[in-house]
Amino acid sequence: MRRKIRYGMIGGGRGAFIGAVHRMAAALDGQMELVCGAFSSDPDRSKASGSDLYLPPERCYGHYEEMINSEAALPEDKRMDVVSIVTPNDMHFAPAMMALDHGFHVICDKPLCLNINEAKQLQSKVRSTGKLFALTYNYTGYPMVKQARQMLANGNLGKVRRVVIEYSQGWLSTPLEASNQKQASWRTDPLRSGAAGAMGDIGTHAENLAEYITGLKIQQLCADLHTHVEGRQLDDDGSVLLRMTNGARGILYASQISAGEENNLRIKIYGEKGGLEWAQMEPNTLLVKWLDKPTEVLRTGGAQLYPIAQHHTRLPGGHPEGYLEAFANIYRNVAFCVQAEINHEKVDPVYLDFPGVDDGVRGMEFIDAVVRSGKDDKVKWIGI
Amino acid sequence: MRRKIRYGMIGGGRGAFIGAVHRMAAALDGQMELVCGAFSSDPDRSKASGSDLYLPPERCYGHYEEMINSEAALPEDKRMDVVSIVTPNDMHFAPAMMALDHGFHVICDKPLCLNINEAKQLQSKVRSTGKLFALTYNYTGYPMVKQARQMLANGNLGKVRRVVIEYSQGWLSTPLEASNQKQASWRTDPLRSGAAGAMGDIGTHAENLAEYITGLKIQQLCADLHTHVEGRQLDDDGSVLLRMTNGARGILYASQISAGEENNLRIKIYGEKGGLEWAQMEPNTLLVKWLDKPTEVLRTGGAQLYPIAQHHTRLPGGHPEGYLEAFANIYRNVAFCVQAEINHEKVDPVYLDFPGVDDGVRGMEFIDAVVRSGKDDKVKWIGI
Amino acid sequence: MRRKIRYGMIGGGRGAFIGAVHRMAAALDGQMELVCGAFSSDPDRSKASGSDLYLPPERCYGHYEEMINSEAALPEDKRMDVVSIVTPNDMHFAPAMMALDHGFHVICDKPLCLNINEAKQLQSKVRSTGKLFALTYNYTGYPMVKQARQMLANGNLGKVRRVVIEYSQGWLSTPLEASNQKQASWRTDPLRSGAAGAMGDIGTHAENLAEYITGLKIQQLCADLHTHVEGRQLDDDGSVLLRMTNGARGILYASQISAGEENNLRIKIYGEKGGLEWAQMEPNTLLVKWLDKPTEVLRTGGAQLYPIAQHHTRLPGGHPEGYLEAFANIYRNVAFCVQAEINHEKVDPVYLDFPGVDDGVRGMEFIDAVVRSGKDDKVKWIGI
Amino acid sequence: MRRKIRYGMIGGGRGAFIGAVHRMAAALDGQMELVCGAFSSDPDRSKASGSDLYLPPERCYGHYEEMINSEAALPEDKRMDVVSIVTPNDMHFAPAMMALDHGFHVICDKPLCLNINEAKQLQSKVRSTGKLFALTYNYTGYPMVKQARQMLANGNLGKVRRVVIEYSQGWLSTPLEASNQKQASWRTDPLRSGAAGAMGDIGTHAENLAEYITGLKIQQLCADLHTHVEGRQLDDDGSVLLRMTNGARGILYASQISAGEENNLRIKIYGEKGGLEWAQMEPNTLLVKWLDKPTEVLRTGGAQLYPIAQHHTRLPGGHPEGYLEAFANIYRNVAFCVQAEINHEKVDPVYLDFPGVDDGVRGMEFIDAVVRSGKDDKVKWIGI
């Protein structure tokens, strides 16, 4: 029986940013419906948030434990299928573990959790429960990112030699956390954010994208982390030299004090035969710079793209798709997978392409290595 | 009582393009839900299409008349509030008239209908019924378009002197309609599309955008229409000299044989103090070229934008919004208006900003004038 | 005997703009040397200007007639070979006629002269004297413009269907001539500039470029000219519908009141198989937009370019060449041709590619037709 | 007495690349004239090269020593004023020392020489002789680079926090030196090029630009150098973490195996109040990204630019200047300085702004540090 996939949300109450993003991503394709939520640990606030979203009060819970227990007790044709976790990093692990234990699939915001230890436990739990676990490294959802990955996998550019990933933002150029700005406060707090600041918040996106697109792993790294804004507890700027598993070299940087930058995530990858360039703020273009012929401009919606790019596109060329559409590709893929499970069908393999718990573990390993390398001016290269 | 606004769709069955766009636009913000449809005049096909969308079979109708009659007969807490019409141009008028007559609000794809006569009747009907009527000139939904309009309204650039609107596509460079390609077939057929081809399909978007952004009307025009592809019945390429109500001069062109172009809609407007440039394929940037200071790059999500731009934006700067988000702004605004009507509340005036039946009449007048001017090599300027 | 080609300049004294451009263009490649000049009709000012340029006072003349007569009387191994005319439009005809009559080759700034009558006389004179006559429609000197022309000549894009040429400047947005600004004064004065303002000054560049690149002629046009700045005597803004000899349609516009624009000359040409786009302000890129494959980015210095583009390039790819290099291509070509004449050699045909008196006649015909069409709201299409 | 400044060239014979660049740069502004050369160590080849340049055979020398000695023996009103050295790196030191010793000013191609030892000797020699010494780090010649430097010097962006300089080329992606390609051969040969490959050839440009624009020095660095092309003796790809004297952090990279890149030199600098971005391949634009207002697009020729930018510009905005014009700014400045010296006048300080021997020493120190750091996987930070 085909039906909309039902999900409940943990976090994402009034005033939150990423919760609303998850909801729009889930709604876009009409494959999922929000049926419940623990939007806030304040029950009244949770109900008010749910009411904004046209949810009945009885399914707006004051705590994630209450939500998971209550939903698990509902009849199968009513209870949620999937839990979306959109809280700060310190509140990913516990609800994710509990949701998995109660038989729910999980979609979790990135990074996975607070540290490698938590990450490995989650990884085991996902494996032992067999539930779906999607991690919203949403930039992998862009069709041109998928096109880039496929081109490299197919060897179109030859062996990869050089990888450059830049992620620049400027919004933490001032001590925003001092004024209790919500987004800044938890991201600069080691207890809520983890061991890294900018490197954890956006550096992990860069790390994930580098490994996703190239199909390579970062093997060794050498980092320099710095905090420019006085009084801030975590890094707000950092650069990392990379050595990849195939011998490729590269650079990754993540900065939130690059004043004047919005959300400037860019990746350039060079193989023996040519290079790729993609920029998140103009995501529908992928430049292919050939060694021996003119640069080509690949575009979302183009008839020449690989099927995996085409299957993650909704519109003809020239009708720009953006951040929400890429984010929605993760939700849509999860919905297709859950749908297939419900109906004991096979899902088209192109829809299995979304980040999961292993990517999350990788992110924790990256943060750990970067922080160790970045804090020590002596030991140069650290394996990850 | 706040609730999701319910809508039914006419057209948009399997294989359609714009129907799916309307549904994603309606779904994105969680303010509307699709409750029924007459997706095809073939009842089985309509039911199959509805089933794809998780609709119950009893609300998948084989004809729009059946849908309107049946829905009107449903209890108030179940029946649709709004009808979305996403059929080819020849099938806008009759369902829109009937829907209005039965007390439903209408969202209609552009252009409004087949000719001025139909347009005027619809205009009268909207006025007499007092129902909402939104026309999906979706490009007005982009935040940077609204910013441009507000800047000109506020006189930031002084008196407007020059307007250049270009709309280039290449997809009709070959006789695609000869192979029965669905989109090409009806758009090149005067019976289904109306008196103009490219000028009707995309030229009206350009016309609407020019008048919307400048707040001026086209007063006189002088056109050259041409059909480049042999055997095609309607224009596939045309250029128009414009004279605006305030004395501004300009150019509008619409071409579907500009081989290699995707959906290249651009507008440049020059006032006494500076110029604006906006391009649909990179919609989050608005260039402001000042006469006496450096060009500024305004960006969706920017803190300096006018409230009307900010209210039609969902994400922080650097998280690109696209075609669907702009389209969804029309749906969201309609939803807010209907919500307010249900609750006898006032809606924030920024949400009243969506195209309506008057814009549709204007489009028909434009097509009429362009066709008359473009077909006559003697009479130069035609008033509209 | 190979030697530097010697030239004298008429106009271009202190404070002039285009004279300095001609001198840099002549100097760049080391093929020409400035040996004399009538830089001003004020003999002292002419000498002072010549002194700035390290010329001996005896070859700094107070009048072009004196210069031509004196130089003609010099021994062959000393006298100039070429006269460069860089005066306002009303001072092209007489010195050019006299220079040709005295056996000198001529390089003349554009547009050719004041009207068709002068133009035809000059054309006859060039033919009867057999001297070289180069007209500095300098934008044809860009390598990527030559590449575009060759691609169309070779049929790479199929039959041309659509031509769009835009030339926007903003510097005449205010009544600059009222303050006696030198450049503005003569350009807005019909006695010195001719029958057209913006259309003469920059519209002719656009016209020349359109015909040069496409290899087609404008067969009919329909224009709208306007003067936006009060009190100005000539048009400062205009738009023209075009019909080309092969049936292609198009638009040309020239505006000097597009506030905020610098020198925005752009051309887009669409054939059956694809389109070309080139912009003067980023002149080293030529976009080739294919109907059925990804857009290609051709770049100055690229190994794939046609020989005519490569021969007009001095640097490897990525070392930007600009306005002066394009301008210098005309001078270098003239130098090579004169060199060949001196040595009774054949010049490589790629260097024969520079604009001449026929292009100049064409420009006068264009101005004449545009002004006649633009001033009459009744008669629509005018042949040229 | 004002006269053209006379220069002789060492290197730059037929087939050379950079010699022709120097000559065009010297010629452009009409302030210098080439009077002699030792274009090749093969006297016949030197004479043939000189003949191409319209030099008399007696001033085309077979060896630089012969040239310097012979020219020094010429009467003052005939002999060269300046020597331009355009040979590979191993042939900079000796001719430069000799030229200085014989009282000639020197313009030398970059990098300065082969190692720190040579560099320091040259530095002493310049100081002891008091002659002018210009090093053609030509990218500092761009007007927008000078604008950027001035903005930072004036504190417009607050304290600099982050510096990113990228220099990517792709032309050494294959073992081009194996086919004896002239440019590749010497650049990949440690005896002719020095201790570094890509880092010496283009990394030093990046280093110079970073220090020039910011006014800061690199205080510590940590590098990773690599040779991707088998059999190559020097690095063809490298990345460097930077710490600047004021505590700013950054990245510098130089790669000649970034397949598909032409000459992609870019710099991004972030201060407390905003960021700057400049790209050599579109050199007439400088983006200024403000923390709290819209990004501004500064353009060569703009009336708002600092005088130092305006004085290094020849054309109005929108008339693109390029690589040769920037290069010529060094030659023009040297010419103005020599002219002033001849005439015992003071030169306008804006024209004193060109790279010199101290920049050259700095480059050698950079190469030395990068090579030491890049070859050692243990020691992380090296001071320079």
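Here the chain labels run A, B, C and D in written order, and each chain numbers its own residues starting at 1.
The rule is short, and it goes like this: a residue touches a chain if its C-beta (ideal position, glycine included) is under 8 Å from a C-beta of that chain, and two chains touch if they have at least 3 such contacts.
Values in this document were obtained by computation on a predicted structure and should not be read as measured data.
**Student:** Weigh A-B against A-C on C-beta contact pairs and write down the one with more.
**Tutor:** The greater number of contacts lies at A-B.
**Student:** Report same or different for the chain C and chain D interface, where same means the shared residue numbers exceed half of all residue numbers found there.
**Tutor:** Interface between chain C and chain D is built from largely the same residues.
**Student:** On a C-alpha centroid basis, what's the spacing between chain A and chain D, in Å?
**Tutor:** Spacing between the chain centres: roughly 43 Å.
**Student:** Taking each chain's centre as the mean of its CA atoms, how far is chain A from chain B in angstrom?
**Tutor:** Once rounded, the distance between the two centres reads 34 Å.
**Student:** Quick one: report the Å distance separating chain A from chain C, using the average Cα coordinate of each chain.
**Tutor:** It comes to 55 Å between the two C-alpha centres.
**Student:** Please list all residues of chain D that touch 2 or more other chains.
**Tutor:** Residue numbers touching two or more other chains: 261, 288, 295, 299.
**Student:** For a test of understanding, state which residues of chain D touch chain A in their complex under the given definition.
**Tutor:** 157, 161-162, 164, 166, 168, 170, 173-174, 222, 224, 226, 228, 237, 239, 241, 243, 249-251, 253, 255, 257-261, 268, 270-275, 288-291, 295, 376-381
**Student:** Where on chain D is chain B touching in the complex?
**Tutor:** Going by the criterion above, the answer is residues 287-288, 292-299, 302-304.
**Student:** For chain D, which residues are in contact with chain C within the complex?
**Tutor:** Against chain C, the touching part of chain D is residues 2-4, 17, 20-21, 23-24, 27-30, 34, 51, 53-54, 169, 171, 261-264, 280-284, 299, 301, 314-325.
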